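The chains carry the letters A, B, C, D, E and F, assigned in the order they are written, with residues numbered from 1 in each.
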Amino acid sequence: MNDILFLLAFPFVAACLMLAIRDDRIRTAVAEVSAAIVIVTSAWVAYRYLGQPESFAFHSETIDSLMAVTEFVLGLAIIYIGYKHKKYLASVLGAITLVLFLGFEVFLKEGIETDNALYIDDLSIIMVLIIGIIGSLICVYAVGYMRDFQKHHPDDKDRRPWFFFLMYTFLSAMFGIVLSNDMTWLFFFWEITMLCSFTLIGYTKTDEAIRNSFRQLIMNQTGGIAFLLAMMILADRYGFLSIDTLLMQDGEAQWIMVAVMLLAIAGIVKSAQMPFHTWLLGAMVAPTPTSALLHSSTMVKAGVFLLLKLSPLMMGNACGYMVATVGGLTFLLASMAAISQSNAKRVLAYSTIANLGLIVACAGVGTPEAVWAGIMLTIFHAITKSMMFLCVGTAEHHIGSRDIESMDGLFERMPRLAGIMILGIVGMFLAPFGMLISKWAALTSFVEDGNLVLIGCLVFGSAVTSFYWTKWLGKLVCTASREGNCEDTVHCQEWVAVGSLAVLTVAICLMYPGVSDAAVIPWLEGAFGGFSEDLVPLLESNNMWIVLIMLVVLILLPLPFFRRTSKRVVPNYMAGEGVDSMSYRGSMGGTVEVSMRNWYMSGWFDEDRLGKIGEVLTVIVMAALLAAAALGVFA
Amino acid sequence: MTTIESILMAVAFIALAPAIGCLLAGVDRKVSARMQKRRGPPILQPAYDVGKFLSKEQITPNSTQDFYVVCFLLFTIGTGAMFFAGMDLLLVIFTLTLAETFLILGAYSSGSPYSQIGAQREMYVAMAYEPVILLMAVCYYLEYGSFSVSDISSSDGMAVVPLIGVFLAFLFVLTMKLRKSPFDLSLSHHAHQDIVRGMATEFSGRTYAMLEISHWYESVMLLGMVALFFANGTVAGIVIGIIAALLAWILEIWIDNGFARMKWQTALKSGWVVTLVLGMGNVAVLLI
Amino acid sequence: MTQNQTFETAEPGRIPALAQELRDGGYRLVQLCAVAMPEGTELVYSFDKDFDLRNIKAYVPEGETIGSITPWFWSAFVYENEVHDLFGVSFEGSQLDYKGNFFRVSTKTPWKNTANAGKGA
Amino acid sequence: MGKRTIVPFGPQHPALPEPVHLDLELEDETVVRAIPSIGYVHRGLEKLTESRDYKDMMYVMERVCGICSFGHGWGYAGAVEGLMGVEVPERGQYLRVMFHELSRIHSHLLWLGLLADGLGFDSLFMHCWRIREKILDVFEAITGGRVILSFCEIGGVKKDLTPEMLRMVGEACDFVEDEMRKTGLVFMKDTSVRNRLCGTGVLSKEDAMSLCSVGPVARGSGVNNDIRSVSPIYKDLGFEPVLYDEGDCWSRCMVRVDEIMGSLEIVRNAIRNLPGGDVSVPVKGNPPVGEYVFRVEQPRGEAFYYVKSDGTKHLERARVRTPTNINIPAMVKTLQGCSLQDVSMLVITIDPCISCTER
Amino acid sequence: MAVMKFGGRILSNLFSRPATLNYPAEPREYPERSRGHVEFDPTNCILCGICSKKCPSHAVSVDKKGRTVSIDRKSCIQCSYCVDSCPKGCLSMRPGYCEPGASIPVDVFEVPEKTVSQKETD
Amino acid sequence: MSGTTKSPWLLHYDASSCNGCDIEVLACLTPLYDVERFGVINTGDPKQADLFLVTGAVNDQNKNVVRQLYEQMPEPKVVVAVGVCACSGGIFGDCYNIIGGVDKVIPVDVYVPGCAARPESIIDGVVKGLAVLEEKRKKISEAKS
């Protein structure tokens, strides 16, 4: 148990240390060492508890009161900040939260004891690994990145200590979320992640940053309120506040269902599902490591973690239907919206929203097979997405833009980085990589579940997904470029982080049957009391072999090609008027540079319109089902 | 199917498909010519073409393009082999997408404006047809409880009966998949095109030959998919399937010759409407 | 075919004003061409209204420029650029000026001063 | 997001049979800017007046363009005849009209074929060109050339027609009419053709007028400047101008389809009413000092001929202003905002004949 | 419905005879007036050089001293102007084109010296 | 094995021709003449072409185009000059903007005279071109071995 506590506390300690350090070199060292420690600890925890779920009786009034007080103080702080920035809605929501929280603490919580405040099981282990490894790698990356960032923004005050403090605190809070059994603890960490991301998004203090940080805050406050309400219901009606007890309840019971729905809404907000997806888009203004962190291993993953955790309670009932529909619609609409984007980070954001939508839908379907797919998606997504973000961040600092259109010929300018990006993108949507494999399982389980809406969302959504990824990929592989190589100035921390993630991306594809056997299936068997492997078609050995062969082919085949070609090199065809491969003689005399802009089809896939449609549909679904559940229609 | 049978089928596909595909392409050109009141080239013309491309001087705009085209060829072959070996239909479909992506990347890699525009078009045409192909697999699963081609082909009853909607939708998107008029937006086999040779603009010599050979494999596999709708585990089923596939081929030639190239908006819209109505409709019916 | 036509001469300076007048009068520009003269170029503007053709000739001496009529007849840019490239007459205030790249000919202004004046034989 | 797709279009391009170049700027598939460039076919043949006498120039003028070659011959001959005050005998005039209309049929059929080719409709292309061959057979049998007819001469036409030849013309008309009845419907009604043509590249009536468009381009937008309307001989032969109002590619196409029918009628009437007598008058001497303008309605619109003579046998100036030349502004205009796919469609419906344009 | 207005036509084409002339295998018959190539009959030629002056593309040249008339097949545009303008009718336009090849001949025709008696009969 | 002579793909470029020869080239593809009988495909792409059919004389603006298209074709390749203009400049030979026949810019293998060159003549020219193509191919493969 001490290792668990260490895991929880250490990042926070490191964070406090960071706050004190002003020297870049020391900071680098501390950051790297702490990251290493976190990684090692996570690995150790995983090794130790894998297959042996355990709960820890841990009870300390001091800690409880400390948490309550912290929460209270932070609540006041939010009200003040909202007031200061004239974001009164934030203040109001903050006040509501505070009132509810006080009410809960004073009237409802009394007498409810949760013995096992902490626990660890296989799902937690997976999450711990994701947070520990990926989160730490991102922190390492941030060291190099922030150095450049500061260079690019020389006028800004160096607030890096604060930045790293937040990053590491975030890790602690995340560990808290995945390891807490006591819902009050969970709530505490839940709110901390909200605040951390609020501050991180607003880091640059530009108007846009502040606006977006408040949007994040307001939406997540809503989620927080839903969470609180759920706790109040549970405390009031059933008198317990622990996750494990909740999981043993009957999902069809009226107030349990309402509570689960509320928790699910909290999860939906955190995982940036429609109608709450805009906060994640706004989070793009933060420095790239923040985005990477929010998108891959933390924050949004907290949301899906909660939903996956609760999935046994959602199987086949209205709550599940709500969650699944919201996830499915989000997947489809966010994928469509991604087509109209040329800002790389925005494309990644939409893709995150879409992928989370898929995970959420899996959780909502709630069958073991679906949840299997959901967990697998979570793992693959975390690795690949963080890698993509880091790559984009590095590229941005070296080519001066995060626009996909500026990545023309990146293959010539930053070959290694482009290679990794290609791997990342391919990993996001193509066979034989993880995301696709999980999507496959998801499709199977949706079909099995017979949910027409989900099937539709998935088949259309996948088609759309290929479009926006492929066109980005195209930009990267294009070799026509005038610019020289500009890769040598990339910091080694960046290479370490990005490189490790790249290795992980491939490794996890090779190892996923192992991961599935060692962690996912045991957990599913525990949580659902059974799991039939046949339902995941790709666990069939035939398919697995094929996938492996494809992977090997893809990794080995390029080797002989990217050398000098023995063929005669002839410049591109330019209708006979070419000057070289990239320019031609134009109408007005003179040389015209050819340029290619990808298709964005904004008439078809207008972001705002799609967002509106999504918001309306999902709000209707959620409100209607929640109201119906509260009225006891499904009981 | 036993493993041995599967392997035999896969090998047979790899060995025979080019010949069959080449003949199909030859028939296509001959029949098209006759539909235009011409004599047309010899049936073996596609083979001559490929032979010529193999023996020409090899030129290329860059060193990487070939890699993508080789991958396209390999994965197309792989897709077909897996299909005929009776493996998982979804895996087949995903590999097909992978192959497709490689072709698109090959078109992108040169940086030629025409091939890049061709690639864009290929992508949105793919966006139009992919849902149908996925839904086809879904329908098979709903009907037979399995994605495995060998299970589907050996189950009794022709799938075309319960899957009639998806079958028609599949025939519809076959035009897109085979890049035939009215949807030969990205790469047109014979007709002149507004973007020169579309995706293939920068392909020449061996690269182009590989593209052609991949098309042969691809057509055989797609016709195999048509035949699958008719297979019912008996010889009669296979025969009917083959006849149906050939008829589908003739139908495609006819459509190819009877239509102008439509607007891209129409391609996308019609593809999706067909998917929604016929494809999703069929799924709904099977679910009930 | 009936070929009603009139020829008239105008001062080159009046051309833009005339063009405006004719445009407002519902005429369409049929063509503009040039004839090389010993010491300059003669421009022939043809306008048509209901199949009646008015040809207006203007003599531009060597080295002088003439106002462009593209503000009123945008399509005149094809002729003006052509005359510029072949005869070396410059038009002022053109709305679409190719700056000598309309016809990229082997010899600069091949028509200029090779007027048939001297051909005789 | 300043970046746009910039691509060259032509001079060598399979969708364009002729060398014209466009700098295209695209956003997705939409053309935001198109700058044309011509000059790839500029030969400078008008300047050959310096070394060829006015009769020799006939052979040069016929080779301004191989598609509308007859019209060029007629236009040039007409201008010189006007200058010299030559009266062409009636039979000669009728034959000129007949061949001009046959040329129009062949040119429009050729164009319909190119349109079909641009549409990716191979079989329709082949079909149109197969019909067209019938007209070429007639040309060859009567004038000796399939493309460059060398039929017109100053003073009339070169050869007379035998009765069998007249019958042959009539038969060819029957054949073309029969085929066109059905083929015209394809252009008019077929979904895929309409899909591409209807509503594409709309040129409003106002634009057509202010851009001074001529020929089917103008008539497709409801503007009639068909010079045949004021020709008495055409009136006798039952000429009616064809006008469509939509101004899109489809209406430009339909103008041509209907004109084929109209021309067939004119040719038939010409055969029926063919007066007797000579086909030409001999022309002697040099043209007098002066200038003359002559206009003919070519397949692509009004062509303008200007001749100026200083009294020698070499003309001082022979100028051709071809319909395409003045339709280029309309093309540039309609290209803005069209879709890339429609670029070839638009270019084709304007029917640019570059060799005519550039001479 | 006009979905495939041309569909019937192409189907019927499929089952009818192709229109193709089997050209190189079956030689083509040209109509009598067809302007294929210029032929020269030296019998009456007086080497006056009119044809050469008239020819718009300088394809005929007359060498009075060497007593030859040559026709450059590569430049002749079959316009028939020389034929029309030869006062002696030595030139004629015949169907059948000049063969393509790696080089195109310049046909040189000798004009035999005429006897005095012949000149007189002229 | 070589399909070279059985599958000549042609690239057609209109240098400054009057269109007369162009339409005759196109007419060769149409039902009456149907050169596809010999495997000919009219491709728009020099990189896949074997025969380069040029119509019209070369002028200053398009000589680079002709040269570039020629260079972008892979060996073995054959140039066929179609029409008197392409052979020698023809009637436009003395125009100020005409350089001359196509052979002024790129080597021409087969000349097809005629104004306009007849489809039959063009077919013969193409067939002659095929023989040249085969010869060139042999030469290249000999040089290799």
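Note that in this section a residue touches a chain if its C-beta (ideal position, glycine included) is under 8 Å from a C-beta of that chain, and two chains touch if they have at least 3 such contacts.
Note that the structure is a prediction, hence the values are computed from the model and not measured.
Peer 1: To reach chain F from chain A by way of touching chains, what is the minimum number of steps?
Peer 2: Minimal hop count between chain A and chain F: 1.
Peer 1: Which chain's centre, taken as the mean of its Cα atoms, is farthest from the centre of chain A?
Peer 2: E
Peer 1: If I count C-beta pairs in contact for every pair of chains, which pair wins?
Peer 2: Greatest number of C-beta pairs in contact occurs for A-B.
Peer 1: Let me have the rounded angstrom distance from the C-alpha centre of chain B over to the C-alpha centre of chain F, please.
Peer 2: About 35 Å separates the centre of chain B from that of chain F.
Peer 1: How many angstrom lie between the CA centroids of chain C and chain D, rounded to a whole number?
Peer 2: Inter-chain centre distance comes to 24 Å.
Peer 1: Rounded to a whole Å, what is the gap between the Cα centroids of chain A and chain D?
Peer 2: That gives a centre separation of 65 Å.
Peer 1: Averaged over CA atoms, how far is the centre of chain C from the centre of chain F? Could you give it in whole Å?
Peer 2: Result: the chain centres lie 39 Å from each other.
Peer 1: Counting only residues that touch at least two other chains, what does the list for chain E look like?
Peer 2: 4, 6, 10, 13, 18-20, 56, 77-79
Peer 1: Scan chain D for residues touching two or more other chains and write them down.
Peer 2: 5-8, 11-15, 29, 37, 39, 42, 44, 47, 59-60, 63, 121, 123-124, 126-127, 130, 145, 148, 190, 192-193, 358
Peer 1: Using the touch rule from the top of the page, what residues of chain C touch 2 or more other chains?
Peer 2: Those would be 101, 103-105, 110.
Peer 1: Report the complete set of touching chain pairs.
Peer 2: A-B, A-C, A-D, A-F, B-D, B-E, B-F, C-D, C-F, D-E, D-F, E-F
Peer 1: Taking the complex as given, what residues does chain F use to touch chain A?
Peer 2: 13, 45-47, 62, 64-66, 68-69, 71-72, 74
Peer 1: Within the complex, which stretch of chain F touches chain B?
Peer 2: Touching chain B from chain F are residues 1-4, 6-7, 9, 30-31, 34, 36-39, 41-45, 47-48, 50, 72, 74-76, 137, 140-141.
Peer 1: State the interface residues of chain C toward chain A in the complex, per the touch definition above.
Peer 2: 98-101, 104
Peer 1: Any idea which chain D residues touch chain F in the complex?
Peer 2: 11-15, 17-19, 39-45, 47-48, 51, 59-60, 63-67, 69, 110, 113, 125-126, 129-130, 133, 136, 145-148, 353-356, 358
Peer 1: Could you please specify the touching residues of chain E with respect to chain F in the complex?
Peer 2: 18-21, 23-24, 28, 56-58, 72-79, 97-104
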